[in-house]
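Provided herewith is a single structure, encoded as structure tokens, for subsequent inquiry.
First chain written, first letter: the chains are A, B, C, D and E, and each begins at residue 1.
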Amino acid sequence: MIQFAGIALILIGIYGLMTTKHMIKLIIALNVMELGANIFIISIGFVAHGLAPIYTADLPNQAFSFVDPLPQAMVLTAIVIGFGVSALGLVVAQNIYKKHGTYDLSEIGGEE
Amino acid sequence: MTLMSFVYGFLAILGAFVFQTSLTGINRKVTARLQKRRGPKWYQQFIDIFKAFSKSSITHGWVYDFGAIMALGGIAATVIFIPVAGFQSFPGLDNIFVISYVLAVGMLGMAMSAAGSGNPWASIGVSRALTNMLAYDIPFMVIVFTLIYQHQTGSVSELAALQQGAGIWGWNAFQLPLGGLVAVIALFGMLGKKPFDSFIAPAEIASGPMVEYGGKQLGMMFTLHELMTFIEVSLILNLFFGGGETLWVYLLKYAVLYTFTNIVSGVMPRFKIDQAVTFFYKVPLGLALVQGLLVIFGGWGY
Amino acid sequence: MMTMIILFMIASILFAYVLSLKEPKWGAYATLIVSLAGLVGVSLLRGSVGETVSFYYLHFTVTTIGWYFSMILLTVYFTATFFHPFWMDQLIYPAAYNALFLLSLAGTVGLFFAQDLMTLFICWETAVWSSMLIVQQGKSRQAAWVYFVMSAIGSMATLFAILLTIFMSGTTMITDAFIYFMGSPALGGLVFGAFILSGLTKMGIFPFHVWLPLAHGSAPHTFSPVLSGGLVKMGAYIAYLSVAVFPAYQVFGDQLMLQGVPLPIYALMLLGGVSIVYGTLRAIQQDDAKRLLAYSSVANGGYILIGILMLDQMAFAGGLMHVLNHAVASAAAFLAMAAVAKRTGTTKMSELGGMIHRMPVTYVVYLIAIISMAGIPPMGGFVSKWLIFQGLSHRGLIFLATAAAFGSIGSYLYVFRPLSAVFLGQLAPKYEKIKEADPLMLIGMLLLTAMSLLLGIVPNVVLRTIAQIQIELGIDPIMIKGTITATQNGSVNMLSVFTVFGFGFLLILILFLVLPKSRRVGLMDTYTSAEFIHTPELLHYGHHFYAPFERLYEKWPSVLPLYQRLSLKLKEMGEWAETFFFHAEPNRAVFWMVLLVILITVGGAR
Amino acid sequence: MMGSIIWLIALPLLAAFVSVVAQTYQYGLLVVTLLMNLLVLFAAPQGLTIIGGYEPPFGISLLFDQYALIALLLIQVLLLLIIVLARPLAKNYTPVILVMLAGLNGMLLTNDLFNLFVMIEIVSIAAFILSTANGKLTHTFHYLILATVSGVFFLLGTVLVYAYTGILVVQGLMMRLASLPVALSLIPMMLLIFGMAVELKLVPVSSWAKNIYGQANLLTGPIFAAVLAPAFGFVFGRMMNEVIVLHSLTGYTLLVMAISTFVLGELAAYRQTDLLKTLAFSSIGQSGLAVMMFTLGAPWAGILLLINNALAKSILYGVATGVTAAYGNASMGVLKGVFYHHRLLGVAFSLASLSLVGIPLFLGFFAKVSAVMAIFSTGLIWVPVIILLTAIVEGAYVMRWLLQLWSPAFEGYLASKKELPQKRNVFSAQQILVVGVLAVILFTMGLMPQRFVDALQKTQPAMAQYEMVGQGEQQ
Amino acid sequence: MKKLVSLFLILVLAFFLTTALDQGLDFWHSPSQLDAFRMSNAFVQNDVLGEGGALVFGESKNLESGSANIVTSIVVDYRSFDTLGEITVLFLSALGVGLLMGSGVRTTLRSGFILKTAAKMVAPLMLLTGIYIFTHGHLTPGGGFPGGSMMATAFLLHYFGSDTVKSNLKPLKWIESTAGALYILLGLAGLFVAGSFLQNFLPTGTLGHLVSAGIIPLVYVLVGLKVGSEVSGIVADFSKTEVVS
């Protein structure tokens, strides 16, 4: 069921991207969407009654099933990339705010 | 092409001039009678021309003279090309297009000379003359095309000969009645007869190609006019009225045709030049095209 | 030989450019020498028909028709170069002018010798853009632009046809490739229509003529002759290829035939007829002499197109010969106007007048040129028009014949305009001091005049080559016996015509000389029907010469606004696209993306 | 070892990390790195390079074939020339450019779908940062949002591909995907396509390009149009060839997107009165054309178009932004006749324009011809018609600009030197040299298309599987 | 209006997307085993090179990767190149933030007493935890990124708590740069020693030991340092304010 949460978050994010013109909100929507995507990715590796893919002393032999570790690794990368982009987006937004005094794109007027 | 050809050619020019000038004199009388006048003597036209030749004259520069010479020279040369009752000074040169384009040399010379006189009224006259030419020539050319298509020859003498032998109904004027009508209407335009005489406009209007002429140049223009009339009437005669089996039949037909145009024009009003264009493009061109289509697609005349 | 000519051209382009950078005048003389050398070189190729040469990816071969066309082009280019030295100071990029001039020369000559379709197109486009860049050095950028765009319409269509042909037939050889379409009239029709389009645009056939008056009218005066006399003839070559090399009559063999002409070809001929009429009417209206001559090129393009498309014994020969005649006459007329413009600075007829008294030789050049252009014997133009008329009346193509007749008579009207308004009439006092054109210019012009005259008196010199072309195409050649030119339905002996004409002229000259000598009076001393004239020079009649006639059609719509409207529509569409798709707003783009995603998902779910 | 292709990525990254602390030598590092990269490019053998010691499909590997070689060569050379051209501006952004270079090289070399995503993100972020150099941050923001959204799409697509096939290796992925049922492969393919659409400037999502390209400066203009655009084009070509299975639905959607990008882009360019905006829309249109080629399974033509466009645009943007900066405005009225003063720039600009339009004797012509020929073989005869009709529009606006830029004269009058604009200093001799070098490269390529095409022909084995629209369904 | 349309579109999309995905996803239906065709199977078994077998925690030696945490194996060994890209992204965004905020000056945020005191107490602990997390990244959940972030938090706490640090961020740059360069050099060392870039050229030891898994812990330390310094730098840059002149 977790994948539905992922899809729902992606769609919420897209809804936000389609409706708001506030820069911070846009970035939040983007983050929501990314979060949804990440959850969805994790869900791909889902195995019923699976365990975290870590060998520990509690699991001395192979009588277990790990969930898929690769999506988790990918999500790790995706999160960091998302962080980088958000940071950049925020700093751009902040600079625009400094210049125009508003976060609302419609008040700035994109066309020049 | 022998020396005799040139002699014959010279004689043809001379003969055409004498005949046409006499005919013009006679027709001046005819016109006068129409208007209930007595009219001048039949040789009055000769007197006018020779008087002009003998008078002192002015010139407006070399192109004024050159144009006049070119005009009369071109027209004179054209006369040589015209087959008269099957006789040609230079056989094989009577292609219809050659004749109608050599004629244009004379026209151009005249226009050049007139414009070269520097008189704006002369230029106005030239512009009218050329416009008039554009009007009457198109229907005429369409009919000529039809004739050439029908008979597969462009030679005027051959076209004339083809009509002979079947009596009066062999004439193209009756074989292709619409075409004949167009040709006759076009002849009015060519001759500058009423209702298409606004470019010459004798007597009433102070503008016309001739306005600046006097003396020998005027004489040359008169001569030119006579010769040109001869060419044009001969052309229609050869193409549509069977030419002439003998010289006398030819001259008779010629006289009748010319007098006929003169009489008709005597009772006609005058078109303005743009009216003339509109008229020619509406009626004769339409008739000519109809005739052409009937011949080409309808097989008329075969 | 061929290789040498190509290498020579490339080297000379660079040479002319470098030389012009140093001193523009030298570069101008270089173009003269180079084009003369090209003329001589190409004329030597007559004997080596069939020789092929490859140069990089370009492949050339010598053909009779190619030789014929290149000689025409080179003649025009060569004579135009006589004017170059006097125009260098009017140009802001003289070096570019000289180099591009030679480049366009190379392009056109290459076009005629092209062996494969790609070479053909490459040479074509080279000639187009190089000449476009020359035209822009004249009075109008707009004109150069319109020229390019119209050419682009044609050349893109041709490119399409060429590529489709190459793709379908698998060969690029001009002579082999088109044979493929013998079996497929539908595809053949598409290729034929697309291929000939560049020829139509170049010749200025009716709906595509708009560039011609603009470009010819405002190109540098030295280049207008080349445009009209030379480059336009490239279109004739394309028309030739698309009817003679492309087996058009066979491909359309099962189409509706009108007097032996298949409907598609007949439709094109009708376009030719329309351009004759349209060009004539518009030429009559013009006030600028160069624009007038440009419209006359439109009309004459119609004759050439009709003639070539007939592909028969007479009209085809006439069309090919008219290419030469019109090239010579038009170039001479434009050069004469250039000479006038050099002295007076204008080509507007209403501002000129009486030039004959200052520039008599130029006047004679112009006179001979227009006589030829109007098709009056004994100049070259007559023979070709006569052949076209004979061909048309032989087939019974009455509407085309009507158009041809109209154009022929109409040409008297418009060629007489500049003659009367520029050369005859009152001489304005401000031109009292001007001199005859420079001797070098006169040489160039008189060469063309001599050619016009020669072509009229002994047309068989050229018709022999044309007959050769006809034999190679497998159609009845035009019949030549001595000085007699004969067709199936008529013959003419131009030498006799000239002799008779000379005889008549001589006769009258004698008469004139015998009669008493005339007294010379001034131009202003004219009969005024009792009006008192204060400023006689204002009475020069040059404005709206055919006013009554012009009034009949002055309200007729022009074609250019249609193109302008099309251009505006395109801009509107661009604006529309900009608002919808290029609007700087993230929401909108995301919206579109979502819409497309939905489209695909829904489609996939279905 | 020293000739390993991995240097193309490692070296710029190393240089980037070092350059942060060694600010004095930043610019030198950049130049040296690019030169070294060129050396590596010639020394490295072609083939698969394994990273981390694990063979594909398990580890990440780099695929260095003729296709990659062409792309990489183009990018290294152009970037080198551009940073020399825009030296004062490039100095501020050296680390960014270095990282971007690493990302570009990685993007073109990588043989792993997820790694491709990472590299694309690196390049995108570098592009965001570079675009701030235009000084219009709202446009950067716009670009950032769109590119990130499409990045998420790409990521989801990648993950779905993994979910269905279990592997991520690019080479031969198409085989696996094609064997999947349509219902499965449709959505990941769609996501991958939309994941690239923003960077490819395809029509509904190309709005960012108008302003980013249209208000570019000497650095960003050439980099965006001549480095980033072809790089993404090449990546798309690789994707189309190795990964993306086109179903009729996605195929036609993509085709329609590409065609409308081309047509609408050129139409919008036609109405611009601002030189940079014109070039911006032209870039959009050209990108659509290249995408069209890759979509229709004619990578060869796509490559030629990309190369031609990259070379031409580097010159056009270089000159246009330089002239705009010097004369203060990119509008037609201001720039009228400027080439009178800057002949060499003008000649280079003209060459590039003529090549862009696809006029014979220049590279663009051969690109266009191969494009049309390739489309004929797909049987879609109407597509060349659209291409050629649009080419008329393209020619029209390019020529309008060319004429205006060359001629100082007013309409209806002969040019005279009095009407010339005041001469301003545009470029130093060194910069002019760079533009000249670019022009010479472009011109030479057009002169010897045969030689050039032969070189391209070697890409053929790698690009063997031409995929046509709808073919995925038949399998 | 716009919102309604958007909502409608989203709902349509949600419906069709779920149905479309529902059709073919196996994992949708809770598989009890990892799909056999997935390459992760090889990662889990350390079987990529074909020398894997039954892995036993604390006993298996000289495995190809050798990390008990498979995610770490993947992140730092099997797909280490991605991680290099990842830190590059972070580096890049730090650069970007720095560039855009370059015109600002250091914040003059006054730190209160509580913050000052708490920071002194908590920051070292957090730092220690962070170090622990990334050094044990190959054994336990965690790794360079969480560890680095934690270090950054600790640093920032210190940064806000102390007035002396605010003026000098240069060492951060150095750490960042050196760590990144070392990562690449480590990769290049792999290239020279073992033949391919980023190859695990050190002995991998026993599964589950602290000193095991070859270069993985080293890389994670570097990543941790780099992430820590970069994140700190980004946040510190954010707190700059505009010069008012």
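Following the convention adopted for this analysis, a contact is a pair of C-beta atoms (placed from the backbone, for glycine too) under 8 Å apart; a residue touches a chain by one contact, two chains touch by 3 or more.
Because the structure is predicted, anything quoted here is derived from the model rather than measured.
S.K.: Return the chains common to the contact lists of chain C and chain D.
M.R.: The shared contacts of chain C and chain D, listed by label, come to A, E.
S.K.: How many steps does it take, at the fewest, to get from chain A to chain C if each step moves to a chain that touches the one before?
M.R.: 1
S.K.: Kindly indicate the chain pair that has more C-beta pairs in contact than all others.
M.R.: B-C
S.K.: Just grab the chain with the largest centre-to-centre distance to chain A, centres being mean Cα coordinates.
M.R.: That would be chain B.
S.K.: Using C-alpha centroids, which chain lies at the maximum separation from chain C?
M.R.: E
S.K.: How big is the gap, in whole Å, between where the Cα atoms of chain C centre and where those of chain E centre?
M.R.: Here the centre of chain E sits 74 Å away from the centre of chain C.
S.K.: Can you work out the whole-Å distance between the CA centroids of chain A and chain B?
M.R.: Their C-alpha centroids are separated by 97 Å.
S.K.: Let me have the rounded angstrom distance from the C-alpha centre of chain A over to the C-alpha centre of chain E, please.
M.R.: 15
S.K.: Using mean C-alpha positions as chain centres, tell me how far chain A is from chain D in Å, no decimals.
M.R.: Here the centre of chain D sits 29 Å away from the centre of chain A.
S.K.: Please list all residues of chain C that touch 2 or more other chains.
M.R.: 583-587, 590-591, 594-595, 597, 601, 604, in rising order.
S.K.: If I count partner chains per residue in chain D, which residues reach a count of at least 2?
M.R.: 114, 118, 121, 125, 128-129, 132, 138-139, 141-142, 145, 149, 162-163, 183, 186-187, 211
S.K.: Please output the residue numbers of chain B that touch at least 2 other chains, ranges allowed.
M.R.: Residue numbers touching two or more other chains: none in chain B.
S.K.: If you go through all the chains, which pairs of them touch?
M.R.: A-C, A-D, A-E, B-C, C-D, C-E, D-E
S.K.: In the complex, go through chain E and note every residue touching chain A.
M.R.: Per the touch definition, chain E meets chain A at residues 2-3, 6-7, 9-10, 13-14, 17-18, 21, 27-28, 30-34, 38-40, 43-44, 54-58, 68-71, 73-75, 79, 82-83, 85-87, 89-90, 92-94, 96-97, 100-101, 139-141, 143, 145, 207-208, 227, 234, 237-238, 242.
S.K.: Tell me, which parts of chain C touch chain E in their complex?
M.R.: Residue positions touching the partner: 587, 591, 594-595, 597-598, 601-602, 604-605.
S.K.: Going by the contact rule at the top, pick out the chain A residues touching chain E in the complex.
M.R.: Chain A residues touching chain E: 3-4, 7-8, 11-12, 14-15, 18-19, 43-50, 52-57, 59-62, 65-70, 72-74, 76-77, 79-81, 83-85, 87-88, 90-92, 94-95, 98.
S.K.: Note which residues of chain D are touching chain C in the complex, please.
M.R.: Residue list for chain D touching chain C: 138-139, 141-142, 145-146, 149-150, 153, 182-183, 186-187, 190, 194, 197-198, 203-211, 247, 249-250, 253, 257, 260, 264-265, 267-271, 281, 284, 340, 354, 359-361, 365, 369, 372-373, 376-377, 381, 384-385, 388-389, 391-393, 395-396, 399-400, 403-404, 406-409, 411-417, 447-450.
S.K.: Can you list the residues on chain C that touch chain B in the complex?
M.R.: Listed in rising order, the residues of chain C that touch chain B are 259, 354, 356-357, 360, 363, 367, 371, 374-377, 382, 385-386, 389-390, 392-396, 398-399, 401-402, 405-406, 408-410, 412-413, 416, 419-420, 424-426, 484, 488-493, 496-497, 499-501, 503-509, 511-512, 515-516, 518-524, 526-527, 529, 539-541, 545-549, 551-552.
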